[in-house]
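Note that the chains take the letters A, B, C, D and E in the order they are written out, and that residue 1 is the start of every chain.
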């Protein structure tokens, strides 16, 4: 019976990674949910927008690195982030102008916008590969760990190590800041309230003197910022590869839905649910149980509910179950 | 003089899009070398024609293969991933009597496929790598391994081969878990692998795909310190990406001697990364085509096909990258060659690389060849 | 069904893909120039002819006007074009002929937003509150275009509708029908409108709430704000009206004071249900 | 005909219908009135199977129909119209009527491929019936118009017409009058009376217009806060203190100050 | 009249495109595009049934197509000798245990009164059932997979003609669709999209990881064909003679012969489906579906069982996708689970339906053929465009090299562009619903 080791093992392999991954998903899902709530469609181009934002940031990071500028223990990419955000904002506004605005003015049904976003997705897919290529790009620098497993073991004297990467710490911290800012913005500022009003009732917003184009513009800019931050954090923590960002679309989408589409709070909760269900349901409990059980009882098998092959399937399964019991998502979204 | 076209059918888009470009470049380098030399078939020019397989898109791959054939190619270098390679072989190459030399399809299943002697590969079957890896592990006194593989026919076949061989040799495989390439997060996999434990973690994946992600996550969380690296994981970018923590990890990749690959690296210069997986094999596949044509004096697949094994294997003078013209001259004058190329080509059995391997160890952030097997 | 092919959604109801809630219907248009228009009533839609999109004309040479301190009521059969006339005055559809003048200026070319900026307040027939915002936020949104301190106006609105003060932290969607209508009117007042337009404010409300609302409307009009209103509870509405318009098929059929119209036998029989 | 026994419907903590008990007699036209938010529509939706009651029982001619879905109730002869007209906008008025009867053999896919003759015969009969109904409603000229493009009142007539395509036993009308011109409302009232007399339909009518209620309904039920407050003839109801306080009110305070 | 003209014109256009391909790139290429186009058209018909006629948003097309592929393995491969006795029956038993567990849980949920006891009972049953299932299942699977893993290692199929697999593929897909429909279609807010997305992932995961079923990622190759093998034709003197009479050499003759045979088979299936879809659409059944699409609530009140009808059409549409999936796998002669990617099998089909014109069967067919043509042909066009673009640049320049390297990615870009252009100028698709 060794509770401490068991806890540390669990934290190291389940909790810390799931929290970081959940934060990344949450940031992405926030963007999905904002577009759904305010612009009223599910944006299939979201994953590729993330890739684009990360790409611009990477290019800027390389520029800075070439100049010899760095942030010490923190990744240089943080310095380049504003450039990435700006670049993505510009792209989003251009795309909106060239593509979405037309349909908005036509009062096109949202489903047309969904399909249009599919078209945008294809094009962004091409653009990103065109500029930076399809390969893995490494742009992380600075200190790798807040706490490394080895240090932790030496410090605590336990068998198990606990590692927390700088990027993981950054991810969680940035997510908290972004979410707090977003909530403050939506709940307290005039512009934020006007966005909520627009999302609630477009016609009446117009009749109240709210400029819809401005709301849309601000939305795209916030979404651009969120996606870029999410894309960069993800890239720092794992790696940047355009194709991965496309695949990220599904879990982000799932997070937004399970939390209740249109609800920012739901998006965050959804991100963590998806992340934790991916990591925990397929976790092999052998090690943890090995610490907890007296030796003769220690399991010889893996004590794994399902093999990790099914982790993706499992998270979708959980999603469907949540929807069965809460048909509008955890936090009743705009979906009723 | 004659114009000869060679098709390069690899996955420029899709999950291995990052490997495809150097592979194509490798093949094109050989083609250019020959074409410039004017030594093939009385000064024939050789031109490459690229086509995409999407790596996993059977429909796209077969129609592009058809297109290549309609274009009048005399041979196809490709496909890349075992799945589409099988599809192209069955649906295009065999019906059209076209020869394919794949630089990278390594699935053991392809060894026994009914191919009417039209299919060759410069990469060895994964079945062989399983044996070699077991030897390496045993020599290093490793008793138990955790095993993870990229979830496709390559990864699965390789993992099965390693597992069977290693267990037959008395080792223990604590877990054999798949990982999908390009997925967002590998915490779940690493968690399971760590829980299962083992002396080292063998990663049968791709170095810039899920394999890298797994190694990073495993190192970061302190789950494993040493890794076993089969061929798909050997490349300069891995130690560069992972950093000093990788020192001490080891593995093996098809190839003999450093000479061939070094020459190719020098020739490639900055144009592309010659050590990228399956790039030397691509160069060699292209070279084999042209040697066989020269030996047969024809670009008709039916005629040069049977010559491929002859030019690839002893007896004859050894030919390395950069010496293609020399080889062609020898063949022209009726001599014999034993093409070694960049990946130590030695075709056995049904026309696949025999599989001599370099044992690699990461030392000081570099892949160092410590032994040949 | 306006023939715009972009309006097609194949009946899709999947809420995880699209969100039709609160989507707008007001067609997009760009503002044009305004110019002085001389004497006349404070607000007048004069000789208005036009319809929705590329569809047929709904309004035919229709005229509606109102002056400060007055209540003008529009009545008429269903589909006569009453709401359409209101929307036309507010710039929510393109006129093919006619003008809209406000306070001595021709504003026919302005977009609805710009009319709001000019001091016109409108309460649509349906979905006239922000259901997910609190009562207070609803009122704030009414004052969106104002740069000055709007707290005094809010206090006035709360004076006018005391129940709203009680419920100001509650989401407006949780209110009863009558209270919602009060929020809607309050929101329009917050713009400090120069003119207030109400489309069937009493539809579906119980008799007691209807009386309440009419009372408030009279009070508002007493403060000097001109009120233009469409009503199906025509008899009650005409009783408090200074001016009444009967529209039939987009045309002015009868015009007069509320009393006159109530007294007119034909109007009673054909439009007020006897 | 319909008996509602102690029905409750809660939304979260809110009791929209709070123990309503009432009876609807066969062949009657029952009026249902009450202040906004009294729970009338909710009760309607519970009876018509759109909402499931939290507790309580609804029976129709002795048979328990609690919680049965609308399409099942339809086949038992319980029909309803909607407060806001629910026409099939992209279909013609005639098609709107022809789709109503249940059990058409053409609704089975098998027959669409292998029973085309039978379908053709049925369709001919249906078409004749639809035209007859359109004529009854005086809108035969709209037969080939898209239902989405007729006026609001005509849509309401169409709603009523759909109930005539089959032999309905009981029809629920939710605020037929809201936003409808009073003159047209009279026409609709006539149609309701005719259906009641000539075909023996039972009607339940929600309405805020007392004239309309007075012309058609006996008895009248008044609901408030989810419960039945009073029941009787309109005159009795109008005299009820509670009803006046909660619902009818005493008229305009400013009536005296109305400008002249 | 002009509508018919337009429709005909567009179909002629696709025909001409294919003919041009035939003349410039060879008839094998053209026929291959045609065959894949026909299969794509069938998938589009299936999706169009769901979306165009019922407004159901299915984002799991990939899963149904994959199930069709599985059917061709299960039906047409030879049974693996000894596999059934080694563990096959026990696997079936395990699956039965699994199903019974779930059925039991559902029964408890419906029969027992709400409360803690019910929750506990369900959990206990599920846990017990799960462990029992794993106890029976795991060793059986290991036994089956141990049989010659490099070549077999799975149960094999029934050894029936592969054509039988086509309807079976439809049935499998229909079964999966039924389960999804039962769970998702009844929800208050319709979360069909997410459910289909999930089930598709689950199906692919099963296909990839259950080696005993279809060899997982090791792929099944050499699935029998409904048409003769080229090699056999090439060795058949009669055929060589006939080919020669057309002026074809045996190789080309045989490859063309096989492809034409496939084309005819596919065309026959397509025409039958098209006829069935058209007949259904124009009957009272179609009227009912349109009513449901226009206004679900009213249709429900008019006695139409909306959920059941949705289920019906969802199952039908998915079955058509499954059928197409089986045909596709037959054409490939192999099942490769990793090829099932959402981009290719879900999003691309969506593009086909939307570009073609949803709600119109002919539109769906046109979209399927046209988009497939572009999907394949855009790549050479992209390369050609790049060559044009870079023609003026210096040969060794960095930009030129980069642009040429990126040419392959032009494919996605161009697809996006086509989609956006069509939606802009022809928002209801090329052949819109009337």
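Basically, a contact is a pair of C-beta atoms (placed from the backbone, for glycine too) under 8 Å apart; a residue touches a chain by one contact, two chains touch by 3 or more.
Source: prediction; values computed, not measured.
Common neighbours of chain B and chain C, listed by label, are A, E.
Two chain pairs are in question, C-E and B-E; the one with more C-beta pairs in contact is B-E. Taking each chain's centre as the mean of its C-alpha atoms, the one that lies farthest from the centre of chain C is B.
Taking each chain's centre as the mean of its CA atoms, D is the chain most distant from chain A.
Computed from the mean C-alpha positions, the centre of chain A lies at a distance of 31 Å from the centre of chain E. Between the Cα centres of chain A and chain D there is a gap of 49 Å.
Once the centre of each chain is set as its mean CA position, chain D and chain E turn out to be 46 Å apart.
Multi-chain contact residues of chain B (touching two or more other chains) are listed as 13-14, 17, 21, 151, 178.
Looking at chain E, residues 57, 189, 191, 194, 208-209, 294-295, 405, 409, 411-412, 427 sit in touch with two or more other chains. Shown for chain D are the residues in touch with two or more other chains, namely 89-90. Chains touching one another form the pairs A-B, A-C, A-E, B-E, C-D, C-E, D-E.
For chain C in complex with chain D, the residues that touch the partner chain are 1, 71, 76-79, 125, 176-178, 200, 203-212, 214-215, 218-219, 232, 234, 236, 239-240, 242, 259, 269-274.
The residues of chain A lying in touch with chain B in their complex are 9, 12-14, 17-18, 21, 24-25, 129, 133-136, 138, 144-145, 148-150, 152-153, 161, 163, 165, 234, 238-239, 241, 243-244, 247-248, 251, 275, 278-279, 282-288, 302, 304, 307-309, 311-312. Every residue of chain C that touches chain E in the complex is listed here, in rising order: 5-6, 8-17. Touching chain A in their complex are the following residues of chain C: 4, 6-10, 12, 15-28, 90, 112-113, 116-117, 122, 124, 127-133, 137, 140-142, 144-145, 187, 191. Against chain A, the residues of chain B that register as touching in their complex are 13-15, 17-18, 21, 151, 175, 177-180, 182-185, 187-192, 194-197, 208-209, 212-213, 216-217, 220-223, 237, 241.
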